[in-house]
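Each in structure tokens, the structures are laid out below.
Heads up, the next two complexes both have subunit A, just with different partners, subunit B and then subunit C.
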Partner chain A sequence: MQDTVREDEILLEVRNVSLSFGGVKALEDISFDIRKGEVRAIIGPNGAGKSSMLNVINGFYHPQEGEIWFDGKLRHRMKPHQVAKLGIARTFQNIALFKGMSTLDNLMTGRYTRMHANLFAQMAWVGPAQREEIEHRQKVEEIIDFLKIQSIRKTPVGKLPYGMQKRVELGRALAAESKLLLLDEPMAGMNLEEKEDMCRFVLDVNEQFGTTIALIEHDMGVVMDISNRVVVLDYGKKLADGSPDEVRSNEEVIDAYLGVSHD
Partner chain B sequence: MTPDFLNTIEVILNGLMAGVMYSLVALGFVLIFKASGIFNYAQGVMALFAALTLVGFQTGQIPFAHLVNEIFGTQIHHWGPGMNNLIAILLTILVMVLFAWLVEKLVLKHLVNQEPIILFMATIGLAFFMEGVGDLMWGADLKTLDVGIPSGGSFWWEDVTRTWVSEGYEYYGMYIDLLDVWAAGIAVLLVTVLTLFSQYTKTGRALRAVADDHQAALTVGISLRSIWVIVWSIAGIVALVAGIMWGSKSGVQFSLSLIALKALPVLILGGFTSIPGAIVGGLIIGVGEKLFEFSIGPLVGGATENWFAYVLALFFLMFRPQGLFGERIIERV
Partner chain C sequence: MFYRESGDFKTSYIQDQQIFPILQDRMFVAVVAAFAFLVVPFLINDYWEKSVLLPVLIWSLAAIGLNILTGYCGQVSLGTGGFMAVGAYASYKFTTAFPELNLFIVVLLSGGVTAMVGILFGLPSLRIKGFYLAVATLASQFFLVWLFNKVPWFYNYSASGQINAPERLIAGIAVTGPNAPPWATYLFCLTFVVVFALIAKNLTRGRFGRSWMAIRDMDIAAEIIGVAPLKAKLSAFSISSFYIGIAGALFFLVYLGAVEPTEAFGIDKSFLVLFMIIIGGLGSILGSFIGAAFMFLMPVLIKNILVNGLGWSPDIVAHLILMIVGGLIMFFLIVEPHGLAQLWRVAKEKLRLWPFPH
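Here is the complex of A and B:
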């Protein structure tokens, strides 16, 4: 995984971001960056602000202060669907799939930003619209092969078991072929075998497609194995930032996780 | 076959045809409800407004003529002899799309994340507003609408069915209105096109995606607002089709907006979120009320068609509140 990282190229940079809901501060003056081609983990105990951070990057929340730089440009206030067009895809902790639609349709919807036929061509099902549909269908089939979900192609995803839904959601995010992939607790609630599968997929995506990945995890062990660099949040503040080894030996991080109090 | 048996078949057939007309109205409701969770009370008025606009274009009426005459003391009514049916229909579609865009811009945009009841109230307001605008634009007089769809009884069908009766009986054949047959054909075509569109195109999938999960739709790059404009446009076009059919049948009059009320029991039967449900619900209500009127009607003094559908819906609510095809309502506690 190491050789895909380009040390000097930064894909996303968060500068002094603060976010609060009324009087509650969810994030306080957070800064970190994500380099092209790396697997970056954001970890922290419950309520540390990990998901809020992802929602800020994704455009669901708008920070009161701070800047977000993406691909070398300052990103202005954007709505989630605009962020998606920019090349950021994501998954959710509690799975947000189109439950009534088949696996195939979910993945096809993932390619929404890459399809450009106009409404009239689509309605008449002519030329460009038809070609496009076939072309993108091929890409989606490749992803289905990659994730080994051929057997559930036509199944409505609402009927799938939890682990499979997580995999389909990853597939939908992959289908966008985005520059940055945000994964919100991809291994949450999985058994050991499913976790190992998911780790494998995350690493394969990173290696084979060179996709930059930022993931949130609860489980320290998993994260340390698969990520290049780790940023640690606690109570909305940044505790540590560095390689897994550095973070593991950081006093403050150990305290935050074990709940030691300083008197 | 005995004449009694043939009469029953005739009643069922006519019921199916009437049901198609109900389904057409219900379809517009389902489209909007699925995509945005709004029960659009204005759907019936949209059908009326579309029909009024179509007649206006056809006959070359000047919009707001009465208002202009009142203010400036002029005497203008028509700008010319009118126009071709096809052009008039295309122009009306354009007006309905513009209307959809305005609704999004002026109403929905400002009510994002509000309770469903608030959006419902907004559509009631919209209904009254549109009824007023329709009146002001095109006048409140009863208009006839004719876009060249054949109407009246089918002699061919009468002749064919006359031969079905067993010997020794006297029978005059079945009556079926050609307009109803056309309406059924057009409804089938409309539903087929809508289904194919939503299955095999990017925008169709986006429509289903938005109906399924707003948050997920946003993350894959779908703009909710543009989808809403598209949904309301499609609902506007469906309203136009319903307006043409009902208008051709009974003239374009303001009571047309009340067909929305007839769509309610259809939706309760079929489920608010299902397109096939709207069709089947409409057919059940159509056949049900005609058969009831035919068999029980004479015993209770007739006019059962006025209330039968609502009683049936009430009965359904007790046993299957989500409708025949609706998503099951599961409330987590």
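Here is the complex of A and C:
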């Protein structure tokens, strides 16, 4: 499969990554790639190392072995905020919004890496800082329209219901206009309707903005429907990799995860 | 309320981003500012200057400084008194070493020196959080006061170990020293407070403020968004210390005139400013003013009523004040952690719909 993909079509490649915490091996020799413009799902049972994988991509964890290639370049050891500058945004499994700030401010914070007004310009406000603020506000308003969260623009996010908070968190990641968007269980804890909305948003982001998406999700229906390719992890090892159909019919995956009785 | 925002439509983002989005609020603030600058200087006397206006203005500035660090960036600091001492001693060294230097520049430079000291003592914040950081900043409080007592160079080898503000003029009018007229000292402080309150508001509503609040609310997510914790925390420490240093310089030069570090900048001052922002409102510039005025004026008011009005003995009243302040702090921590500023916001929300809340 690797052979049919041209090198420049790959956005992120993880090569032989191993990560361990003391004696516990969280990831063992994992390799996979994410192509430009695709929706890539990472699935696996609890403790399989999915979130660890995202944390490695984000720069929170530094793998003991292996390489990460992003956008055609080998990525050296980086801190998370440097990774953000490269163009990788993320949402969290447990909502990690800035609770004391309004929806608008949360989204504006998402554009942090793209704003450059210096200290003195900001002290004066009028002038470059204000121009920049307005320019980015326009972009943020586009995202607010896209996610249909106009009515909660100025509400402190701590007061919002769960589904809305998830949506604002997606908005904050979108505001960064990243090349790669990592979604850690974007539909966890949602009801059917909210899930459908979220799926629609994920697909729209992918199609309209052309953003590459990697997502972790437990709802197999969702995963099989919206992802182009799926990689399956179990106990830190890669079990399978391929299209949803291939993965679904893979014996090992069924044994480890999807669960079928063997009579 | 007497007015509401209905009918006040915003048609551009500039209008939407104003500090006071409601027209009547803007008018009110303009009137207050005009009164403070144009009317008060003619009415002010010694009592109002020394007992009410100057201390409230100076403590407000210190409270804004600490609020930037603690309220906006979430880093608890108990070093405020020490940083004020740095500002005071820096201003003393600057005015005595360069007598011709304009007093505005002296105060700003003192703030700059304090900012650098603040960065130094802010370095532990990169590793430690919460209570442990508070203890680390406590060390700065004691170390700095000790330093200013111990090293004679700081107080120009004076026999008493005190520092005294020399008389300095701005445009021919004394602003420091015993001959300074009340209106001059008042206007001098007011200018600093107004300008720097505005700057603080601008910083906190822009990119810097958002990076601080992001670190405060969820530091992991802040990092993922691209906020470098080092930069955000140290910028908060330096800007906060800058404000506190200016407050310390004004406190010494204009208000006290003569300073002995243990007395003037002790740990009680650090706590006082911390209580101001807790009661006034964490993460609110308005709250810094309310808190400073409340914490400073409430004891004055109680004393005036009980001692002068009812004739109670001053020592009983002094103890009573301590008990009331302590009780209020506990009350606020339990009932309204966001302080008086939040109560004000809630009151406004309620009054918007009054008298038909449904």
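Please note the rule applied: the second predicted complex is superposed on the first by the 248 of 263 C-alpha atoms of A that agree within 3 Å, B and C clash if a C-alpha of one lies under 4 Å from a C-alpha of the other, contacts with A are read in each partner's own complex, and residues count from 1 in each chain.
Criterion: a residue touches a chain if its C-beta (ideal position, glycine included) is under 8 Å from a C-beta of that chain, and two chains touch if they have at least 3 such contacts.
Fair warning: this is a prediction, and the values are worked out from it, not measured in the lab.
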Clash or fit: what happens to subunit B and subunit C when subunit A is overlaid? clash
Between subunit B (first) and subunit C (second), which, if any, makes contact with A:Ala124: first, second, both or neither? second
Which superposed partner A:Phe146 touches (first subunit B, second subunit C, both, neither): neither
Between subunit B and subunit C, whom does A:Glu133 touch in the aligned arrangement: first, second, both, or neither? both
Check whether A:Phe209 is in contact with subunit B, with subunit C, with both or with neither, and answer first, second, both or neither. neither
If we overlay the two complexes on their shared chain A, which of subunit B and subunit C does A:Tyr257 touch? Say first, second, both or neither. neither
Touch test for A:Tyr235: subunit B only (first), subunit C only (second), both, or neither? neither
Subunit A positions touched by subunit B in one structure and by subunit C in the second: 58, 60, 79-81, 84-85, 89-90, 92, 96-101, 105, 108-110, 112-113, 115, 117, 119, 122-123, 125, 129, 132-133, 172, 176
Which positions of subunit B touch subunit A when the two form their complex? 196-197, 200-206, 208-209, 211-213, 215-224, 230, 327
Which residues of subunit C touch subunit A in the complex? 13-14, 17, 199, 202-203, 206-208, 210-211, 213-214, 216-218, 220-229, 235, 283
Can you name the residues of subunit A that touch subunit C in the complex? 58, 60, 79-81, 84-85, 89-90, 92, 96-101, 105, 108-110, 112-113, 115, 117, 119, 122-125, 129-130, 132-134, 137-138, 172, 176
Of all residues in subunit A, those that touch subunit B in their complex: 58, 60, 79-81, 84-85, 89-90, 92, 96-101, 105, 108-110, 112-113, 115, 117, 119, 122-123, 125, 129, 132-133, 172, 176
